[in-house]
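Notes follow the structure.
Letters A, B, C, D and E name the chains as they come in the text, with residue numbers starting at 1 for each one.
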Amino acid sequence: MLEKLKTWARVKSPWILHFNSGACNGCDIETLASLMPHYDLERFGILLKATPRHADVLVCTGPVTRQTARRLKRIYDQMPEPKFVVAVGACACSGGAFRGCYNVLEGIDKVVPVSAYIPGCPVRPEALIDGVAKLLGSLQTKSA
Amino acid sequence: MEVVKPLLYILVFPGFLFQFVFSTYLEWMDRKFYARMQNRRGPLYTGFRGVLQPVADILKLFFKEDIVPARADRFMFSLMPILGLAAVVTAGLYLPVWLFTPYNSFEGDLIVVLYLLSLPSLVLFLAGWFSVSPYSLIGATRVLTQLFAYEVPFFLALLTPAVVAGSWQIQKIAVYPWTSGSWWVIGIQLLAFLVALLTLQAKLERVPFDIPEAETEVVGGPLTEYSGKKLAMFRIQKDILMLVGSAFIAALFFGGFPGGLWIGGLWLLVKTSIVVFLLSVIRASFARIRIDQIVTFSWKYLAPASLVQLLVVLILKGNGVL
Amino acid sequence: MEESVFRLPVGPQHPFLKEPAKFDFDIQGEEIVGARMNFGYNHRGIEKGCEARNYYQAMYLLERVCGICSHSHTTAFVQAVEEIMKLEVPKRGLYLRMVDCELERLHSHLLWLGVAAHEVGFDSLFMLVWRDRELVMDILEKISGNRVNYAINTIGGVRRDITDAQRKEILGIMKTLKQRLDYYAKIGTHEPSFVGRIKGVGTLSAERAAEMCAVGPFARASNVATDVRKDDPYACYAEMDFKLITSDLCDILGRVIVRVYEMIESCTIIEQLLETMPEGEIALAKVSRRVPEGAAVSRYEAPRGEDVHFVRSNGTDKPERVRVRAPTLANLEAATESVIGAYVADIPIAIASIDPCFSCTDRMAIVLRDRKRGTRVTTWEELRRRGIEWYGKNKGIRF
Amino acid sequence: MTDDYESRVREAFPDSTVTAGAKGRLWVTLTPEQLIPAVGTLWERFALRQLAVIVGEDLRDAFQANYVFTGERVIILQVRMDHDKPEVPSLVGRIPGAAVYEREMKDLLGIVPVGHPDLRRQAIPEDWPEGVYPLRKDVQIPRPEEKAAQEGA
Amino acid sequence: MLKAGIFIPELLGNLGHAPATREYPFVKTPVPPGFRGTPRLRPGLCVGCKACMRDCTAEAIEIVQVPPDPNAPPPEPGTKNVGKKFKMILYLDRCVHCARCADVCPKDAIYLDEEYEMANFTRDALRLEME
């Protein structure tokens, strides 16, 4: 019962923190755009938070440049458990267009564990919503 | 029995449980109004139309890991959320909910409530201060600066109905328009009502007065370092503060509760909702002002306005119109 | 140090920055007395990456220098390559390129207006502006197939034509958009709390702007009439009839005004383009994959100002050297200066007012330091005495 | 098509080859020693003050720095230097804005702007190996490993 | 020039009409024609020239020859062997949807469909094989 309540609350109120680890901005704009009236992520209780301490889901864009890698790790560590990381965009998944550039690590999963990958360049806001919905769906089934 | 009754008061009605339910409902309404004004939907899928959204938020926070930053003062850091919550819940006990007199109503409880309502700001200041991170320190100083700016106009504005009713007891002020039969006093206090509304907004640290928590400037302000349960307590505190604040303003300016339990209850709901609606209109239609601007604003406009209002009421009173 | 100066680090992850960059501000109370910027968080090595790719791959890579002016970078690059190859792009192709370019300007300025509103906590304006931005995004998606990285350019022209139905639709949307823009111009200049936050903040005088080589709307808001579209017209801008918007307010309010009216001009340009669009091919049919040896510099007026690309080819199908100079880089220095003396609360909006984006800039570290506002003059005089004329006014900027 | 402007430029740089490119762009070759006076000439005779960008290049047998000045016309000063001695005089004294580009040139190509006041790293990370200049042609940077699972099939 | 509350009419007006929010994910938003979604291979058309592989911006395509099925009946004597068969491995986690592959393919064997909701939990799941 308590478990159920826990998952319910968790699924209904995922607060996100957005981190750009060297993205081209495309995915960042789309992340923001998905909070806007047309897509309105708040419908699902998703709020964009400013500090890692308040967040449940780290929405990370970008191929992880060498300079941001440490930051990314630190922000991840600052987040309270349970926490999830969503890799948004081709670059966050694997480096995308930036594969082979000398200053990128090619993918967030090189630095922090990733719970869901959303491919696209950029991901459409719809795809983002879809990805988050899939992640939440998996949480629900996992605990059920 | 003697023990159970006050306990019930504190924990269930009109204490914590009632306040919690009511206040989450108000938060939902506020978010909904705000979203709709921005042409979007707001919380929608948590419970009916999203009513349970605030509850889900708080519950989720309770189930989360609770981190105390290494640099923070552990004891004070943990004490603050509880203190803040206690203050607002106590203030809420004096809320004239319906017809029956609050458990511990007494002559002068208005002052006590005003005092209790400024406690959360102090708590916030201390919370920021003891979490020792640059953002929370700046946030904390801002809380304090802002406090000095709005507190005086807030007091003055709430003084008006007290003077009109000639009492310091919330209960009496609230029933005054009804018992005296002079409905129209609601009309002449509009200016004070406006000031009270704005200063309440400042107390709640919402746009345009959300300076201490300005996301784009100081991240999360005093609460930057809080997470998990403690953050949840702060959220409850904020919600209840909104409930208590708006219910008080509603009670003092719109009068009490005619017509028994149900109609009285409904009236409470309606008038509080109206105040919350006005608050969210304010939130939606302004940009955040700067800390120096709020100080000038409140000393240049708000304080004089509330003084003028007080003067008007005093003159009317002196001439025996009231 | 008279009073305790307290350091406020901002970034690289901070709500007001959509991109990673780090600033250190020295503050006294609420006043900023010093500022330092550290970039490089977004350095991905694109320039080297280009050398390992062929021209087409490099073009798509450069498109991803940044998603806000993705079209700007490809256009600047493609222009340079076409210059080396001496290609004559069909007129319809150029027109289509310009349509995209102006649409991009619209979406970028709308984005900026929203973000600027958000920086000062004016979320309702943010939401509504971004709602209307979706109009532009929808057009862009319809004509290019993607919302952000349009990939419309190709060497020798563009990849997609627009249909007559789309043309009509865009003209219709331009009308609505113009009305909305007029409305936002009104809000932006009349809403007291908003104006209160942006008026007189982050000022940069016309002389300083010219000296510091500021570009784009940022310079135009300081009354410097600079616009590559006018100064060194590329594509068919010489044939277009549009005004160069400037403002003499020199503050953030001026930047808001310039951008909003520029958007209205953009709408006008798009209308002209669509109405006079010539028939014909949209791209050259056959373009060699190898680019003859040579070098070219291409200038382009991106939404944020002048974007300069340098391309050197070596006769193979891969570029020898690609260099990107983003507009933000030219502006940041000036922006850092405009922050000093402001309040902490003004940092986001002052930095945001140049519309910074570090995706392609990300390379600098400025140290700006002067303890009290008074010392500015002294340093200034000192430097002057040392005979560093002109730029000596840079008072205490240490690189 | 030699116009008036171009002949004036040719006149101003007698020792250099001046090539006219598309759109009236002028490419002027220089040696490192000639750079500072040349910038002065541009400044005084042509009122070209805006340094748009400095582009460092590795031409394999030599290094070259291209100084792009924009204004009425675009003039590009091309400074060629030996591969063994990649040094140019710094322009910071004259144009503070050049500092950023020079620093980057140093970071990415190892071209040293002599007389630059502050040559800390700016583009590449702090833990980057000393003496490796990513934009040099002979530098190969190993790529990070793909995740094993990816390469599976 | 300043007018307090100038924004309020618009905001209150918004209360009066329906929000701009699209009902996604409950109602799918249609993508415009020409949308660049996921690259797909028409295996019958591919001749294995690998032009797409060479030009792919993100190294996202791999074209490999399918080993002939040992169980398949041997080609009838007299008929020409239909030829080699190819399959495409698409690393969807890398693809940047630039459509260069579709442009460059001489046989129009690649096209981009309209699929964009491809989120998944592992990168392996994003590796698509098309025969």
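The rule we apply is simple: a contact is a pair of C-beta atoms (placed from the backbone, for glycine too) under 8 Å apart; a residue touches a chain by one contact, two chains touch by 3 or more.
The model shown is predicted, which means the values in this text are computed figures rather than measured ones.
A.B. asks: If you tally contacting C-beta pairs for every chain pair, which pair wins?
C.D. replies: A-C
A.B. asks: Compare the CA centroid of chain A with every other chain's and tell me the farthest one.
C.D. replies: Farthest by centroid: D.
A.B. asks: Find the geometric centre of each of chain A and chain B from their Cα atoms only, then give the gap between the two centres in Å, rounded to an integer.
C.D. replies: 34
A.B. asks: For chain C and chain E, what's the span in angstrom between their mean Cα positions?
C.D. replies: From the centre of chain C to the centre of chain E is 31 Å.
A.B. asks: In angstrom, rounded to a whole number, how far apart do the mean CA points of chain B and chain D lie?
C.D. replies: So the centre of chain B lies 62 Å away from the centre of chain D.
A.B. asks: Go ahead and note the Å separation of the Cα centroids belonging to chain B and chain E.
C.D. replies: Here chain B and chain E have centroids separated by 53 Å.
A.B. asks: So which bits of chain E are touching at least two other chains?
C.D. replies: Residue numbers touching two or more other chains: 7, 11, 19-21, 57, 91, 96-98, 122-123.
A.B. asks: Counting only residues that touch at least two other chains, what does the list for chain A look like?
C.D. replies: Where chain A meets two or more other chains at a single residue, that happens at 36-38, 40, 43, 50, 65, 67, 96-97, 99-100, 102-103, 107, 109, 121, 124.
A.B. asks: Show the residues in chain D shared as contacts by 2 or more other chains, in ascending order.
C.D. replies: Chain D, residues with two or more chain partners: 124-125, 134, 141, 147.
A.B. asks: Touching chain A in the complex: which residues of chain B?
C.D. replies: Per the stated touch rule, the residues are 31, 35, 38-46, 50, 52-53, 55-57, 59-60, 62-67, 135, 215-216, 219-220, 223-228, 231.
A.B. asks: Tell me, which parts of chain B touch chain E in their complex?
C.D. replies: Residues in contact with chain E: 33, 35-41, 281, 284-286.
A.B. asks: Which part of chain E faces chain C closely enough to touch in the complex?
C.D. replies: My answer: residues 1-4, 6-7, 10-11, 20, 31-32, 34-36, 54-57, 96-100, 103-104, 112.
A.B. asks: Under the definition above, what is the set of chain C residues touching chain D in their complex?
C.D. replies: 39-40, 43, 45, 47-48, 83, 86, 212-213, 232, 295-297, 299, 306, 308, 310, 312, 320-321, 323, 325, 329-330, 333, 362-365, 388, 391, 394, 397-399
A.B. asks: Could you pull out which chain E residues touch chain B in their complex?
C.D. replies: Residues 5, 7-8, 11-12, 14-15, 19-21 of chain E touch chain B in their complex.
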